[in-house]
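Below: a set of structures, written as structure tokens.
Two complexes come next, and they have one chain in common, chain A, joined by chain B in the first and chain C in the second.
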Partner chain A sequence: MTDTTFGTASRDRENRFTQAIEWLARNPIAFPVLLICLVCLVVGAINPSFWQVANLFDILRASVVRGLFALGVLTVLAAGGLEVSFASIAALVMYSVTKFVVNYAPDLGILPILVMGAAGGTLCGMLNGMLVNWLKAPALIVTIGTQYAFRGIVLTFIGTSLFMNIPVSMDAFGQVNLMTITNSSEFEVKLPAYVLILVVAACVTWVILNRTLIGRAIYAVGGKPEIAERLGFRVPRVQLFVFSFAGMLAGIAGILHVSANRLANPFDLAGSELAVIAAVVLGGARITGGAGTVGGTMLGVLLITLVNNVLVLVGIPSTWQTAILGGFILFAGLFFTLTEKK
Partner chain B sequence: MGHSKLLLAGVSALAMVCIGLPAAAADKEIVTVVKVTGENWFTRMEEGVDKYGADTDGITARQVGPAKADAAQQTAIIQDLIAQDVDAITIVPMDPSALEGVLRRAMKRGIVITTHEADNLQNTQVDMEAFDNHEFGAHFAEQIVECMGEKGQWTSFVGSLGSLTHVQWADGGEEYAAKFPGMELVSPKNESFNDANRAYEIAKEILRTYPDIKGFQGGSAIDVIGIGRAVEEAGLEDRTCVIGLGLPKDTGPYLETGAVDSIAFWDPLDAGYVMNILTKMTVMGEEIKDGMDLGVQGYNNVKVSAGPGEGIIVRGQAWVDVDAANYKEYPF
Partner chain C sequence: MSSKFYDGQLGFLALVNAVVIVASLFLVGPKFVGLYSMQSMATQVSELGLLALGVMLAMAAGRGGIDLSGIALANLSGVIAFNLAPQFATATDAPMLYCWVFAAISIVVGILGGAINGTLVGYAGLTPIIATLGTQMLFTGVAVGLTGGSALRLGYIPPLDDFANLPVMGVPISFALFLGIAFALAIVLRYTKYGMRLFLLGSNDVAARYAGIPVRRMYFITYTIAGMLASVAGIIIAARTSSVKWDYGTSYVMVAILIAVMAGVRPEGGYGRVICVVISACALQLMSSLFNFMHLSNFFRDCAWGLLLLLFLAASKVDLSMYLRFRTPVRPGRA
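Now for the complex of A and B:
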């Protein structure tokens, strides 16, 4: 190989690389899609039993709670804030509502329970929003505070022990299936109906962000708050809205978590925050605000859940699993920053 | 008249204080520090601690613990107790190695330190184990091997790879099952992070990856709940053997359906009681001898051996096996 051919080839390669990066920067949604395809192909090559419907069902099922959290984080992030109290809100709401229903209204249907969850979550979210407005402190700091406060409240005043006797309607709701398939090794795989709640929530979030005035206000406030204020957007109102909305989604997610898990444990969901934020960022939302799409976020969630759910399949020993997951998020995050700089 | 009455009252009040004071000072205070407050397990342990306090003269016994299972918070609580200058602390460590420093400090201050579920800890005077952890793991595997007909694939779960006892149970089970050539261990020591939902997700993934799997050994007390749910949803109750640590009340529904075959545990009430017995003996300077009878079921013939540090390890044979037939006898 002579110097000249080498030079051209490498310049060509560099050009193509730059082009690819630029294309990715224009189409951030392609990034999670590419990674998902890559992971699927690699895992499928290592263990062909990856290619079965059961796996898809499981990943969809495991995406629901994380997906609802991610939609809330996306909304807050788009408005320029960062919300980390969602898992604590979910734990507080799910445990209090479940305990209340078990003790005082054991025959209550799933619909009022979901409404109670949504209302409780909204209240907690409103508190976040009001604190952010009053204290004029960064949303991250405020929600780190409320994250501890909400968890402290549930453990101090509501209870600490897990219980299995959840309301009949919640248990039944978790067992409703859209589809049941008996697979080759003769066990049943089911696609639970509560997956639809995530679909509905994603559609609602999409409409709010893309088809309403408040949606435009959210992106404006997240992009350049001073300019948005001068343009007449009321920043405090936008803040209150995004935090309440995120709280509502977290409340619903909590109720679904209990229904699916068939037990109420106030210690659950703690520690899931960073994976959710990682999913939103991998989905193309900028951590500094003003950008991000529902489609990208859902793909980010799918990606994180996928990686989380194939480590046994690939045969990675459990000692390595968290390290692999961390490395993966790091790699993906770095790659994404690279495209953003170009 | 009025004056003398007042004087009498004053003198008697003073006398009461004087009598009261030395009595209170002579009461030795033993504090039990648990991994987390409020979990059914440690609520049951608190009953044992309270029972010991009520049964024993000259001892004030109480239990404390963090609201969240967190090694750092547990350390903070122990530091607090050192500052309060209690007589003895008996601890169920979240992460034994994280406590070495603070426990050494406590012992230097003359506070008696004993532990439970931490036979690798150096800075303790007595470590109490309900049983030998390898034997306990082997005990699970023995049941699994028998239930599986000595052949097939099986797997094990741990709460986390940092939970020493869980890892020892998994290892003990692995060693026992290795004696049977038909037993194939796959994807060992899956981490559930003490989350039933995570255990469920991993169990489902294992069922997908190894469709012929027959045996599951649970580690953390809620592993069997998650595994049981996965097995039940797959309709595999009769084909699989799910056996592990569990609590009767929490696991009951899955024992009923047969998704979980059998659970074993040691009674935290007895453990709390025995921890306090051993702690008091250490405070009083009494010698703990091999083969001693501590007067509690399962601890009638304790084995004493040297620990990794200066202290000793005291082991009972206190496991209880429970299945669908008898779980209702244990209300926790």
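Now for the complex of A and C:
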């Protein structure tokens, strides 16, 4: 009698566990949410000064450039490719556009500058897309090539020195704030207006992926390219679109980066690739394509920024950040692969 | 030459080498091919070549195989060996013993790191990109954490220094080691069951599974070997620069892929030859040294590597065999 009850109880528990796993597999977005809650609770418990609006503002501000990159990576990933040249595109675009504007049109408004950034990024992205189509090689390898080419072009032919006399309009744009509050140490913390650009970009990406034909095509091509082709989706065109879109977002991100930091440095942003890819993967996008949501990606970005910003608060030296991010990627990869198999 | 050994890719790569040497004679002069400069190129090519062989193995195994963690593991194995070796031997009292201990620890770390990759890819079923991307960050991160972000000086340890810099009969020892490893790997890939299975697996993993090939164990072994090769590269780097640091050779991930692609290794899997990788690494090193002699900036070099990678991806799409008999049709199972 006791044995049977015990047996049912443990089987119940097992069932509940499998159910929880299955539920998580259906709702990958819960994964970053759980991790974010975990990090917040642990950090908040160890160091109560974590619970301030100022910290939230910092995290939001630091998420903008990474978030724009991540939306681009998500779109390419959904179509089945991996793109790693976005940081180089952003560096190329931000430095050349800023230099051009400073030298030839110092009074240009922020809107034309953003448009120029977006256009430049789109061109670079189109190049990526055409190369991926034409070379028929894995997108990762192609974009590793263009990553170095773009970076080499800006550093060899455009310039290597940083300059701080950025156009007035860009400087002013970086200083527009939505809200200003004073934190516990009497230090003013601002929520800059360019955070809204990320919000808009996220909404646009969501609409494209979920409410348009091209969005359907992207997921179809990412899931099973041969079948998508037979269904009449034009795979090369979809590829071209996703890479151009990612390039456009990278171009805008570059301009925002200059506005926010009030200087143009061609060496910036290189090396940020892995954290962005980590964010997208943590957000539940499958590296093999055909899956991934905007919400998950944004949460992934928040999680990465959170880890980058708050580890110092609990006494983990910043030198261990990369290792922890690597652990997170492997954990997420393992988790999603194992749940997929069931 | 028997057609089994010679193929178009090999001839093409030899041609690239010859062209670079001739060009450098015009651009730089005879000092480029002098003994000293050749020897210094030979030590540098060993690091790159070993990493590229690891990439080749991962690519040949198929399923989107790639090893992005090579240089990170090389640096990590150097860093851990630097920290642990003094426990067993002191560099001043017993330099020879110190070097052997250093090498042994490095290789153990390399095998363990490779085994992590292999477990993730083979047994857990992770995509190689995500697995090696994660371990790349993990290895780099642990190396940063252990060193606090700064370079660690080994100081002058005669046997270690000789290993990298002292030529025996004109050939640097590290280069000889690289050639030895490459030769052994070539033999393994061509004449053993493992080699045959690897290329079958890379050509078609479903067929390989039905043919009874232990697919999981194959991935495990392959990535473990790649990790071991990376750790040997780590030893050479430590010996050559007399220091270990976490961010040595940040562009090596890309350069190793470039060498493999140039060597005709197919990123889709199923094909790759060791000798082509060796010659392709030499060609790349010659070009790199040429840029140095011409005082071109590192940035220009990065740019050139990127364009070269794209160029060779393009070249592998154009079938010139009809006109020049450059590339023989791809056959799986050739090492």
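Note that the second predicted complex is superposed on the first by the 320 of 342 C-alpha atoms of A that agree within 3 Å, B and C clash if a C-alpha of one lies under 4 Å from a C-alpha of the other, contacts with A are read in each partner's own complex, and residues count from 1 in each chain.
Rule of thumb we're sticking to: a contact is a pair of C-beta atoms (placed from the backbone, for glycine too) under 8 Å apart; a residue touches a chain by one contact, two chains touch by 3 or more.
Note that the coordinates shown come from a computational prediction; the quantities given were computed from them, not determined experimentally.
Peer 1: Specify the outcome, clash or fit, for chain B and chain C once both structures are aligned onto chain A.
Peer 2: Here chain B and chain C cannot both sit on chain A without a clash.
Peer 1: Have a look at where A:58 lands relative to chain B and chain C in the superposition and call it first, second, both or neither.
Peer 2: Once the two structures are laid over each other on A, A:58 reaches chain B alone.
Peer 1: In the overlaid three-chain picture, which partner chain does A:229 touch, first (chain B) or second (chain C), both, or neither?
Peer 2: neither
Peer 1: Once the structures are superposed on A, label A:329 by its partner contacts, choosing first (chain B), second (chain C), both or neither.
Peer 2: So A:329 only meets chain C here.
Peer 1: Going by the contact rule set out at the top, does A:337 touch chain B (first), chain C (second), both, or neither?
Peer 2: second
Peer 1: May I ask you to decide whether A:278 touches chain B, chain C, both, or neither, giving the answer as first, second, both or neither?
Peer 2: Touch partner of A:278: chain C, not chain B.
Peer 1: Let me test your reading of the model: by the given contact rule, A:47 touches which partner, first (chain B), second (chain C), both or neither?
Peer 2: First partner only, chain B.
Peer 1: In the overlaid three-chain picture, which partner chain does A:82 touch, first (chain B) or second (chain C), both, or neither?
Peer 2: A:82: touches chain C, not chain B.
Peer 1: Which partner chains sit in contact with A:135 here, chain B, chain C, both or neither? Use first/second/both/neither.
Peer 2: second
Peer 1: Going by the clash criterion at the top, which of the stretches 21-29, 183-191, 237-245 or 255-263 from chain C hits chain B after superposition?
Peer 2: 237-245
Peer 1: Of all the chain A residues, which ones make contact with chain B and with chain C?
Peer 2: Touching chain B in the first complex and chain C in the second, residues 151-152, 155-156, 160, 271, 317, 319, 321-322 of chain A appear in both lists.
Peer 1: Where on chain B does chain A make contact in their complex?
Peer 2: Result: residues 36-40, 43, 67-69, 158, 161, 187-191, 193-197, 200-202, 204-209, 211-212, 222, 225, 229, 233-236, 249-250, 252-253 of chain B touch chain A.
Peer 1: So in the complex, the part of chain A that touches chain B is made up of which residues?
Peer 2: It comes out as residues 47, 49, 52, 54-55, 58, 62, 151-152, 155-156, 159-162, 164, 183-185, 187-190, 257, 260-263, 265, 267-268, 270-271, 308-310, 312-313, 315, 317-319, 321-322.
Peer 1: Which residues of chain C touch chain A once you look at their complex with the stated criterion?
Peer 2: Contacts found on chain C: 64, 66, 120, 124-127, 129-131, 133-142, 144-145, 148-149, 250-251, 253-254, 257-258, 261, 267-268, 297, 299-307, 309-310, 313-314, 316-317.
Peer 1: Would you tell me which residues of chain A are touching chain C in their complex?
Peer 2: 82, 131, 134-138, 140-142, 144-153, 155-156, 160, 271, 274, 277-278, 281, 287-288, 317, 319-327, 329-330, 333-334, 337-338, 341
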